Structures are given as C-alpha cells and as structure tokens.
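What follows is subunit A paired twice: with subunit B in the first complex and subunit C in the second.
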Partner chain A sequence: MTVFYIRRLFQMALVLLISAIATYTLLNFAPGGPLAGLRQIQQTGRFQITEDDIARIRAYFELDLYLPYRFMRWFVGWPTGPVEIGGREYFSDVVVGCRKPVETEVLNDDGEYEIQVTGCNELVYMKDLTGRRVSRGIIRGDFGLSWRLLRDRPVSELIISRLPKTIQLIGLSTLLSLFIGIPLGIYSAVKQYSRFDYIFTSLAFMGSAMPTFFFGIVMILLFSLIPKEAGWLYVPAGLSESVRGYTIPLLGEVAAGSVKDRILHLILPVAVLTIVNISYYSRFVRGSMLEVMRQDYIRTARAKGLLERVVIMKHALRNALIPFITIVVFTLPGLFSGAIITESIFAWPGMGRLYLLALGDYDYPVAMAIFFIIAVLTVIATLLRDVLYTIVDPRIRLS
Partner chain B sequence: MTADSQVATLSAEAITIEERTPFQIVLNRFKRHRLAMVASIVMLAIFGITIFAPVIAPFKIQELSVNKYFAPWGTVDEETGRTHYMGTDNIGRDYFSRLIYAGRISLTVAILSVIIAETIGITVGAISGFFGGWVDAVLMRFVEFMLTIPTLPLLLIISSMLLRNDELINIPDPILQFMGNILLLSPRDSRNAVLIVLVLAGFGWLSAAQLMRGTVLSLREQTFVEASRSLGASNFRIIMRDMIPNAMAPIIVDASLGLAGYIVGEAALAFLGFGIQDPVPTWGNMLSASQQFMLDRPWLPLVPGLPIFICSLAFNYIGDGLRDALDPRLKL
Partner chain C sequence: MLRKRLLALLGLLVIASMTLVACGGTDVPAAPSVETVEVIVTEVVEVEREAFTTPHPILSDLKVRQALAYCTNKSDLLKSVYPLISDEARAGLVMDTFIPKSHWAYAGDENVTIYSYDPDKGRALLDEAGWTLAEGADFRTNADGDELSLKFTTTSATFRQTWAAIWEQQMAECGIRIVRLHAPASWWFGDTTGIARRDYELGAFAWVGQADPGGQTLYACDQIPFPTNGWEGQNAMGWCNEAASTNIKLANNTLVQDERIAAYTVVQQEFTKDVPSIPLFNRTETFATAADLTGFAPTPGQEYYNYNVQEWARPGQDTIILGFTQEPASLFTLVEDAFVANIAYQIVRPAQEWHLNYEFTNSPITKELPTLENGGTTNNDVEVSEGTKVVDVNGDVVELAPGVTVKNAAGEEVEFTGGTVTMKQLVSRFEIADGVTWEDGTPVSSADLELGYKIACDPESGATSFITCDKTANVEFLTDAVGYIQTWVPGVQDPLYFVPVWPIYPNHQLGDVPAAEWATNPLVAETPLSYGPYKLVEWVKGEKMVFAANEHWVGGAPATPNFVIQFVTPESAESLLLGGEVDILASESLAGLTQALVDAEAAGAIKTYTEAGGTWEHIDIQLFIR
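Take a look at the complex of A and B:
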C-alpha cells in the first residue's frame, strides 16, 4: 500500500512537471508576447526606439534567455549565475541566451516576407546572470512579478487579492449544492417512478445539458434586468459590489460596499454554480441510491422490521455516499475551471476572470501561476480520491 | 392437401414471427424513447436549415446594411426587397442569416471534432486493449496524464496561442480549402475553425480511448475471437472485423453525447473570446456580442443562446435513446 502511494506521489509530481513545461513552452514559444506593442511603435516610427532599448526590455522580461534556462529560473529559481565551488567559478562561459538577435526578412513558401531570427549579435553568458533579479521559483511559492496587469508587483499579491472572492463563490455554492442536491437525490430515488421523480430527473437532465454561460445570461435576464425594468424586486448582477448606492423595491436603500450589497451581488453567481452542481450531484446520488436499494442487506434490514427511515438513512445512504464522496472531492478543482465561465459572465473579480484577463493581456507570469495552482489542486484531488476510496471502502485494493 | 399438412402450415405461421434485421430491432427500440425521437426530428430540421443555408439566408454573413443598426424584426431592405427576418445587429448585418451560417459552422466544427476524436480514440483504445503489455501501459499512462490536466484552462492557453499566431502551425492549403467549401467561407477565414477542431479533438479522444480499451479487453476473451484466430486470421483482421464492429455500441453513444459536449465547448471558447473570432459568426461569439447590448435589448441573447441549448439537449436525449436502444445494460 505504502509503495502504491509513493509511486502515485512520484507520478503526480511528474504530471505537474510535464504540464508546467508544456504550458510554459506553449506560452513562451509564440512570437509577439509582451513585445508585440513595442514592435508596432517601432514600425510607426513616431518614437526612436534603438536596438539597445529593445535589448534592455527583452532582458527585463528575461526574453533574452533561451527557453530551458528561462523555465528553470521561473520554476526553481536557478541558475542565478556561475556555480561557485571553493572560490572558483564554473560554467561562467556557458551561453544562456542572446541579447540582440539578428532579424532578417525572409521570403517564405507562400511568397510573403516574414521576420525570422537568423543569428545573434551579442550572446548572454552565465556570468551575466549574476545580480539579475530572479524569483525564488514557483516550486517555493514565488510566482514572480506581473508583466502587465499590475506591472512589477508580485503575482502572488494579485492572486491573493482575488482568491477570497473565488473561494467565497465556490465554497458557498458547493455547500449549498451538497445540502440541496443530496436530499433531492435521495428523495427522488426513494420515490422512484413517482411524479416528483419524473419531473426532477427531467429537470436535472436539462440542467446538465445547459451550457453555464447561457444559463448565467438567462438568470441575469430573469432576475435582474427584466424585473428592474418593470420596477419589481430584482437582484443586482455584475461585479462583487456596486460602485454607488441604489434602491431595490421591498429591500429599500442599499449602500455601495455594504454587507447587504455584497450579499445581493453573491446571489446570482452562486445560484448559477449551485444549480449546475445540483443537477450533477443529485443525479449521481439518485443512481447510486437506486443501486444500493436493490442489495440484499437492504432487504434484510427491512425484513428485520426496521423503520423505513432507518433503513434509508442508516443502511442505504451510507453505502450510497461512498462513491459520491470521491466525486465531490474531484469536482473541487473542476469548480475553479467552472468558475472561469461564471466569473466572466458576472464580471466577478475572482481568479477565473484574472486568468482570462492575463491570457488576453500577455501577462504570462499571472496566467502560468493560476494554471499551476489549478493543476496542483487537481493533482491533490486525484491523490485524495484514491486515498478516500480505500478509507471509505476497505474492499477496494489498490495496486 | 391432407388435413395433417394443413395443421402443419397453420402452426408454422403461428410460431414464425416477422424476420427483423438487427438494425430494425435497434430502430424499433429507439422509437420507443419518445424524447429521443423528438430530439432527432428537431436536429434533422436544424441540419436541414444549415445545409441549405445559402438558399434560405437572404443575406451574406458580412453584408452590411448601411444606416440600419439594430433594425427591428421583419424590416425590408428597400433596394433589393429582401427581408431582415430577425433584424440586424449593431453594425447592420442580417441577424437571421448570420444565425443560420453560425449554426452551419458550429455543427460542422462539432461533427468534425467527433469524427476525429472517435477515430483516434478507437485506434488507440483498440491497440492498447488488444496488445496489452508495455504498449497498453504507455498509452494508458499517457491518457491518464492528459486527463489529470485541468481541461478548460489548458484549452484556453492553447487556443489563445494558436489564434493569435498565424505562423505557429502551418495548416496545408487543401484542408483550409476543404473547410472553406463546407463552411462557405474563404480558406483564410476557416483557419480558426480548423484550429478549434484540432484543439477540441485533441482533448476529446481520451474518453473514447478508455471506453474502447475496456470493451476490447472484454471482447478479447470471447470465443468468437478465439475462433477467428484458430482460422488463421491476422491481428489486423481480428481488430477490424471482430473487435471494432462489436465495440461500436458504446462508441456510438459516446459520440452522440460528445457532439453535445463539442457544441457547448466550441461555444464556450468563442464566448470567452478564445474561439472563432467575430467576422465569422458562431453561436458562441454571437451570444458573447449580444451580452453588451443586453441592457437595451434583453431578448437578444436568447436568439443565439437557445440554439446552443437546444442542440446540446437534443444530442443528450439522442445519446440517451441510443444507449437504451443499442444495449439496455450499457451504462456510461
């Protein structure tokens, strides 16, 4: 068993490493990036940008280093310069990058001119790295500095300012969907083929087919825009708190940034995430309850003359929830992804929206940091699921 | 004719039931699933409309009606006498025509993704399950690895990279030409669509591969496989003639549920601004565009949003019906 967990841990570390390399390469391989705007300025010729300026800016973003070195510095914060052993410096003449690449226009196969890097005017050596600022590495929790969204501020600052909002959203909706979804699933299974079961399963089916982004918009229409136009009670949508005060019929005056304001703004995004989750959770609980209810030990419990309530709550539910626990654990990182869409509809200032902003704005350190956090969460959830499997159901042997 | 033989014919007629092919049996079972039937009819109608898009749509997708921004439903163009059935959008393009062409693009992207994903999935799964050993270990570790990476964030990274950098991937001209011919776009405009198909299919084949592997593993022990091996059939023949046809039931169900997933996935990418971009209409980017005019025109988002929902729901029902029809014991 221990061997299994150790191997599993090792596998997971490998997954993290490979996905970090893959995404980092993907983001940094592409031309453009933070220099895209600069090139346009250079082309319009309104400002005199010399080659040295470009070299300086490239060095600022570490774009002058070759990809493996750049990745290493981002991932583990190394190399920071020549290796010093016993007063002597080693590897100081290793080429790690190119300060001024030679760019020439080359005629490509399609008959169009395109800029290609054909050589290098000035190389960067390992010894040049001494004294350059470097992060301590994402492994040690240092995500580096933001490129654009909050220029030169630590990425972690940006993420920490957004994290509570996402946790609010995800935590609340998960709790709600568990509290509502499980009882609904149980009730539906116990009353199989009843009118309630029929209506409920069709609604849950529709819910799981409903795209979140469309559902969010429909919710805004139904509970925010249309009632507001009509002068009825409505729920504010968009952002996590309003900029100025407003009045809602029946609820009265709401001051901007007050507790009441924040709660009102939470309602719609939480509702969207919750309803989508309920349709998944309750369908699952219903299915596994139905399966358990067919088992012999349930018949035995009934034959003993136990109350139906006891049979369901004690004998059936406990066994039905075993697979469900693992499902819940595994949906948690998925919720971060799900929150990307919900947050973008409601302009909710959380991590998901930050991720979209960072990708759209070439702020790769931020995007990479968030991706890495989500990947770590997913990996932990996968491990946790395996562990939970064996704890809640000792019959399962992992090998 | 004697009395005896009469009795014999009678009883033979009484016990013989009409001969039915497996296809008819499945069809009859499918027909019993009423919602799946309704869904099939709805989807056939939508397919019909999008196939005949150039005939039905009065306008071209990029045709601007000058000075007619947000024209109301049913406005008639004075010069040509054509009707804007659903009015025009914020820069005067005919909404109805764009909606139909968008459907053509969204559905084509979803169908091509499904075909590619299932083909890769079937191949990988069949090889993995049939040969076992280290081939199986390597392939399945890779599939597991891909499944551990959070999909949506990675999809966003990949599509943002691919869409921004034209030179990153060179797509052969014949493919662009082919896609352009289906979508009725210029080869250059259909580039995005090809990329999105690649991105969606690149992640979609994983579940199909796992499904196929499981089925092949259980089929491998069946006697008919043993029989054809003892008759001297090659591995390739066994896979092609025995394994794949017998494993089709779960794959077909997976494909129809997959169609729903790809339609929603493509729309989600376009909605977030990382999918097919604006001059080319898709339901996703039309929905995204309608969001900014929601305050004044609250009904606008429903026009591109409902088709996405309807298609997703319909393919889910069809998948459900197919599951019941093909193999009642099957659970996905």
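Take a look at the complex of A and C:
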C-alpha cells in the first residue's frame, strides 16, 4: 500500500510537470499578450510607441526571456540571477533572452519570402535578472502577477475573490443533484418500463440534451422577466445579490445583500445546474442499478427472503454506486473551475467567468494558475477515487 | 544496488563541480548588480530585395481600387449590422473619407471624390484595367487567365463576419472573388502579426476617431512600416502621396485652425482620389437606460459618456447602477488605459478637458484652456545652439547637432550647421479651478500636479509612452495658483498644445511612494482618492464598485447620492436591464440595438439612444507585396 502511494505521488508530480509545461508552452506560443493591440492605438503627439517602449514592456512582462527560463521562473521562481557559491558568481554571462530581436525577410524552402527572427540587437544575460521582480514559483503557491485582469497585482487575489461564489454555486447544485438524482435513478431502475420510468427517462434525455445556454435563457424568461412584468412572484434574473432593495409579490420587501436576497439570486443558476446534473446522475445510477439488479447475488438475496428494500439499498445500491464514485470525486476540480456558461448567463461572479475573461484578455498568468490548480485537483481526485474504491469494494486492493 | 546509486550521485556531483569551475566563477561585486546591455553585431541574413517594394500586381492599379469602391454598397453593409435603426440614421453613418461628416475637419462633399454605389461604373473600370468577364464565368480574369481573386482579412467578430459576407456578395456581383479570412483578433492586432506586419491584401478593421483627427502616423510617407525600420509607423497600406504626406504633417504641426482645415482638405482629396483604403461607416453607439433616468446625455466626440455623472437621477432612487461587461484591471490609468478603467476613473477624478461635439473645452475642475487667442499660451522665438534638445522636422526629439534639420521660427526647414538658429517654443499656463478638493478635505495643490509630472515621466511607473516627457523642456509649478507653466522643447508645434498635460495625484497621500510601487499600490490601483463628484467606497472584485457622493466636490452635491458600477456579462446584460437590476447599459456593454430593446422601449420600460460613434470601419488596401 505504501509503495502504491509513493509511486502514485511520483506519477502525480510527473503528470503535473508535463501538464504545466504543455499548457505554459501552448499559451506562450498563442498570439496576444500584454502588447496586443498596442499598435492599433493611433499614435499622436502625446502617445507614441517606439521600439524602446516595446522592448521595455516586453521586459516588464518577462517576454524578453527565452521560454525555458521564463517557465522556470514561473514554476519554481528560479533563476533570479547568477549562482553564488563561496562569494563567487557563476553563469553571469549565460544568455537567457533577447531584449530587441532582429527580424529579417528570408527566402524559405518553399521559395517564398517570410519574416523571421534572425538575430538579436540586445541580449539579456543571467546577471541582468538580479533585482528583477519574480514570483516564488507556482509550486510554492505563488501564482505571480496578473497581466490584464488585475494588472500587476497577485493572481491569488483574483482567485480568492471568485472562489467562494463558485463553491457556493457548484457545491449547492452538486449536493442537490446527488440528493435528487440518485433516488430518481434508483426508482426508475426498480420500476423499469413503468410510466414513471418512461416520463423520467424522456425528461432526463431532454435535460441532458438541452444546451445550458438556451435552458438558462428560457428559465430567465419564464421565472423572472415574464412574471415580473405580469406582477407575479418572480426571482431575480442574475447576479449574486442586488445593489438596492426590491419588492417581490408574496415575499414582500427584500433588502439588498440580505440572506433572503442572496438565496433568491441563487435560485435560477442553481436550478439550471441542478436540473442538468440530475439528468446526468440519475441516468447513470439507473443504468448502473439495472446492471447490478441482474447479478446472481441479487437473485440470491431475494431467494434468501430478504425484504426488497434491503435487497435494493444494501445489496444493489452499494455495488451500483461504485462506478458512480468516479463521477462524484471529479466534481472536486469542478468546484474550483466553475460553470462557464451558467455563470455567464446569470452574471455569477465565479471562477468560470474568470477563466473565460483570462483567456479572452490574454491574461496568461491567471489562465495558467487556473489550469494548474485544476490539474492538481484532478490528480488528487484520481487518487481519491482509487482509495475510495478500496473502501467501498473490498475486492479491490491497491498494490 | 544502493552503493551503485550512491556512486552515480557522487559522479554527478563531481561533474557539476567541474562545470562550475569551467564556467569560471567571478567575485561577487560589492555594489548591487546593474542591468547591462551589450550591443551584439549579428549576422544579417542576405535578402535579395527590400520587403514591400514590389507593387501589388492587382491592387496597385488605381482602376481596380476605384472599382472596389464603386462596387461597395455601404448602406447595405450598414443594414446588415444595424437592421433596427432608421434609414436616416443609417445615411448619417456612411463615411467617405477618414473624418466623419460632422467633424470640424471634414473637407465637405464637394471637395472629395465620393464613390457612391455604382456597380456598372465599377465593372467598366475593371474592364479597362484588363479584368474581363468571360461568358458564363462568375469571376473576371486577365489576359493571362489569372482570376481576379483577393484575400480579405479581418477579425472573427460576429459584427465583421456579418458585413463581410454581404461585401463578398457585392464584390462577386462585380466579378471579384473575395476569399475571406476571419482571424483571431489576437493575431490580427498582434504586435508581431497581422496588420503590424502588413500581412494582408485587403484588411478590415476600425480606427477610433477623436476630437483631433491626427492621422500623421497613418498617412505620411515616412510612417510606412518595413522590416528595416523595425516596423515603426502605422501606414500599413504603404500609401505614399507626396501632397497628402506633406499636408498631413502640416495639419498635425500647425497651430492655426484654418491652416489645419485646409491641410486636412488636401489630404482627404488625395485620399479619396488614390483610394488606398475604403472608408465604410461609423459604428453606432447604443445606450439603453431605465425609462425615467434623467441627465444622461452622451455626446459625439466626448469619449467618456459619464462626463456629467453628477447630473444622473431617477425619481425615488438613491442609487444609480451602471452595468459594465468588463471589469477595470486597475484605476492607475497611466498604465491601464482600457476604456472601462477610464470610465470608472472619471467618476472619482474627472478629466481636465471635455470634447463635446468634437470641440475642446475645460471641464469643471480646470480654468479656461490656455490658447494663443486668450493669451494662456505664447509661441516664443528662442535661439538654440548645438546640444539643445529640439524637435526636428520628422517630429523626433534630438540634440541639435550639425546635419540636423529643423524648422526655424519663420517656418522654413533649415539644416543646422553650427552657431544658433531661432525656433518656435510653446509655453502654456494651465490652472486648476478654485475650490477643487480631495475627498479627505485637502485642497488640490500644485504639489499634486508636480507629483503627476514626476510619476508620468518615471520609467519605473510602468507607463507605456514617454513622448510627452521627452518633448517637455521645463515645467514650473505655480505658487500663486494651482497649476503649472509648461514649456515645450523648441520645435514642438503640437496643435493640441492647449490640452492639459499632467495628471493630478494626491501628494499628501502618495508623495513618498516610489514610482515602481504605484502599479501595485492599492491606494493607486484600487481606491484612488477622489476630487470628483463621487468617492470610491468599495470595490468587490468581480461584482461591483460602490461610490458615494463626495461632499467636497467642487460642483456641489450630485443629483443621486450613490452610484454603483455593477459587473455583468454580455449574455446577461439585457435581461438585467429589463429586470431592473441595472439602470444603464452603455455602448461598451451592448452589442447594439436588439429587437428586445426596441420592444421594451415601445412598452415604455426603457429608453434607448443610438448615435454615431467615433469608431469607423474601413477596408485597407495593401499596395505592395513582400
């Protein structure tokens, strides 16, 4: 068992390293970044971008460093300058980047002219890194500074500001989905081909097939805008709380920011996510239950004269839920990553929206931090799933 | 096994130590390390020719460019993207030159070539150019049998996809095949990709029109980006017309309004004659507000529609809520110049000048703008000698030395050979209005302006451009009033000389904070002290910015005591307005006028405003190939 955990930890570290390198490289090769659009601002007597300005801005965001050094500084917060041993400096003159690349038109193998970086007018050396701002490294929990969304301030500050709302939304909808979805799935499986089963299965298919985007808009119309206009009971169309008080028929005055206000704002986004999840969870449980109910040990349990309730709850459900563990543990990264579409439709200030904004605004430090944390939570969830399997199914041994 | 591993580890350590020794350690310097920059002479790859000097085989022909213009039905393009606005409003959006028709610098219809939609004329021009349509063929070919096919590049925004599809059809009707490429904005507007590298044949994007038309970097001959000049300049079309180039420089370097108008007229004449670009239309700016909101008055030319935020009110409401689809990254606008950041910043620190209807006026926090006419500015003759910092004829700040060409006080271009030369030097006196006070009760002082100057010109602050600092010869801060006397470097003849130069920062609060720390300082980036109508009380990240009336505001109490910027998403914006969660959605948060908004306005629930915005769409034509 101990060997398994040690091996697993190494595997997890390796997976994280590879995913970090891959995502960092991909994002860094993507066009955009802090300089995007700068040349699209018309230059005037009061605003001019020169080659020196470009070089300065590139250096400010470390874009003048070669990718491996940039990655290392982001990942482990090193190198920060020459290595100092015994009062002497080493690697001072190692070239780590280029401040002003030379671009030249060259003839490529296809006989076409293309512009390539062919040299460098100002190199950056290891000794130039001394005194430059640098994070302590993402593996030490320092995600660096935001490029765009919270310019020059810690990425962690952004994440912390959004995380509670996402946990609130995803946590609540996941719990509700589990509490409603599992019994529905069991009941549908036990009553296979009954009228309930047909209706439930049809609704579940509809729920899982309907795009969240469309579903959310329909919900806003049906439960917010139309009833409000008609003077009926309604729920707010979006946001996590109101800025000023309002009155809802039957419910009366609602103070801005009150518990009542917050609960009312949770209803629509939670409902959308819950309904979509229920259709997924319940169909999974139903399928799994049907599989288990055909097993010999269920027949044996019934032959022993056990009550049907005991057969279902004790013998069938426990075995049917084993594959369900995979689904449940992988809600862990979901708690962090949020629900991009639902958060957008309801203007919910969560992680999903932050992630979308980070990619749209080329705020790669924020996007990378989210990627990395999701990767960490995914590998943790994988480990958790393996451990949980051994608990719920004694036949499984980790070795 | 263990022994083997230990030996391997030891081996690695030995190799590492040898490497260190081989690298030759140097003594740690006693003084802090200083960033050094070494100029490396690199091998330059031989190229057979300078890039972008070969005329484009199709588009260098004026007749083809004129045909493209005649075959373009701008009204239909507008209809495709703004189907809900009236025909009259649509007609007012059509652009014929690079300056909107309502602008003071517009040449007038009679002074420019207007390419009204006339496909027959377009087809005739193409025939003349040798591009004929064979019987039964859809697209034209030349004598060599080459098809008239052009690559059209723009962004993948829905707005551009919509009108580009219509334009493609319009061109097809004239026998021109358009191959559309909708690239990501990050590539199209990238620093080293797309437009910046002239990587297009026909390219569509927008420029933001301003109260001052500028244009020197867009249309002057010496502003064409090449690999050899580090891609500097914004004339990516490669258009070089001597008359236009001379006049666009004149328009941007003379202080006399009439001279400017005359120069812009010449540029527009040449521009429409040569057709290096096809101006299409002004984008609209749509605003939607609660039906009972008063005081909201967006005005053409005034970039920040909340310039009069203190006048906004709703009966019975003590809070006005503005919906924003984008959250400001920082309120340190020296480094963060996004539109939303400026809108939020204006609430606490109003601009020093307004641009209502494209005219410059002072805002409530400044005294009259210093012009030559009112005596606030003087344009003095000064004698300069070798070593003096001046602006040369190219607009570059240089030290005067033999060989440098400058404009003398008589307006003649002279090459400096030694001795002295008399040049013009602008000196302006800017003053802040009486009674402007910070929210903590401290009066705004000249020291606050001095701090603004210090930070704006400190490279450590993270500011993007320092050209204004480079062009400043001296700033004298007033002791008898709140303000400063700005002396420009000899040769600076900026037509916007009367626009206030330096920001106002609270010296009593931030005077000791080093420039390098400003971008990360919450007092700068998140809760800037206010001298405006409202003060920022709370910024809940991702949710809202809460403002309360500033009792020290020089203009008196705002009409509504509280103001909130609520962050919404583009997907939720309209439903939140209709649901009463926000009172105002401005152009940056609305995709345009939608049927839902039109219906809601008809039902009396909201009020909409549609105006010609400063931003204008155009198709640039690449006149040269690599």
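Before moving on, here are some points about what is shown:
Following the convention adopted for this analysis, the second predicted complex is superposed on the first by the 344 of 399 C-alpha atoms of A that agree within 3 Å, B and C clash if a C-alpha of one lies under 4 Å from a C-alpha of the other, contacts with A are read in each partner's own complex, and residues count from 1 in each chain.
Criterion: a residue touches a chain if its C-beta (ideal position, glycine included) is under 8 Å from a C-beta of that chain, and two chains touch if they have at least 3 such contacts.
If you're wondering where the values come from, they're calculated on a predicted model, not measured in any experiment.
By the touch criterion stated above, A:L225 is placed in contact with subunit B and with subunit C alike.
By the touch criterion defined above, A:S161 lies against subunit C but remains apart from subunit B after alignment on the C-alpha atoms of chain A. In the superposed model, A:R88 lies in contact with subunit C only, and not with subunit B. Of the two partner chains placed by superposition, A:P183 touches none, neither subunit B nor subunit C. When the two complexes are superposed, the chain touching more residues of subunit A, out of subunit B and subunit C, is C.
Shared-chain residue A:Y125: touches subunit C; no touch with subunit B.
Of the two partner chains, neither subunit B nor subunit C is touched by A:P249. Once chain A of one complex is fitted onto chain A of the other, the partner contacts of A:S344 extend to both subunit B and subunit C. Subunit A residues 30-32, 213, 217, 220, 225, 344-345 lie at the interface with subunit B in one structure and with subunit C in the other. Subunit B contributes residues 145, 148-154, 156-158, 160-161, 164-165, 167-168, 260, 264, 267-268, 271-274, 287, 291, 294-295, 298, 301-302, 305, 308-309, 312-313, 316-317, 320 to its touches with subunit A in the complex. Partner subunit C is touched in their complex by these residues of subunit A: 30-33, 35-40, 42-51, 53-54, 56-57, 60, 81, 83-92, 99, 102-107, 113, 115-116, 118-123, 125, 127-128, 130-131, 145-146, 148-153, 157-158, 161-162, 165, 213, 217, 220, 224-225, 228, 236-244, 246, 343-347, 349-350, 353-354, 357, 362.
Contact residues of subunit A toward subunit B in the complex are 12, 15, 18-19, 23, 26-27, 29-32, 114, 205-206, 208-214, 217-218, 220-221, 225-226, 229, 333-334, 336-338, 340-341, 344-345, 355-356, 359-360, 367, 370-371, 374-375, 378-379, 382. Contact residues on subunit C toward subunit A in their complex (touch as defined above): 20, 23-28, 32-33, 35-40, 42-45, 47-48, 51, 184-187, 189-193, 195-197, 205, 207-208, 210, 212, 214-218, 227, 230-232, 234, 252, 317-319, 321, 327, 329-330, 332, 335-336, 395, 459, 462, 464-468, 471, 492, 494-496, 499, 501, 519-520, 525, 540-544, 546, 564, 566-573, 575-576, 578-581, 626.
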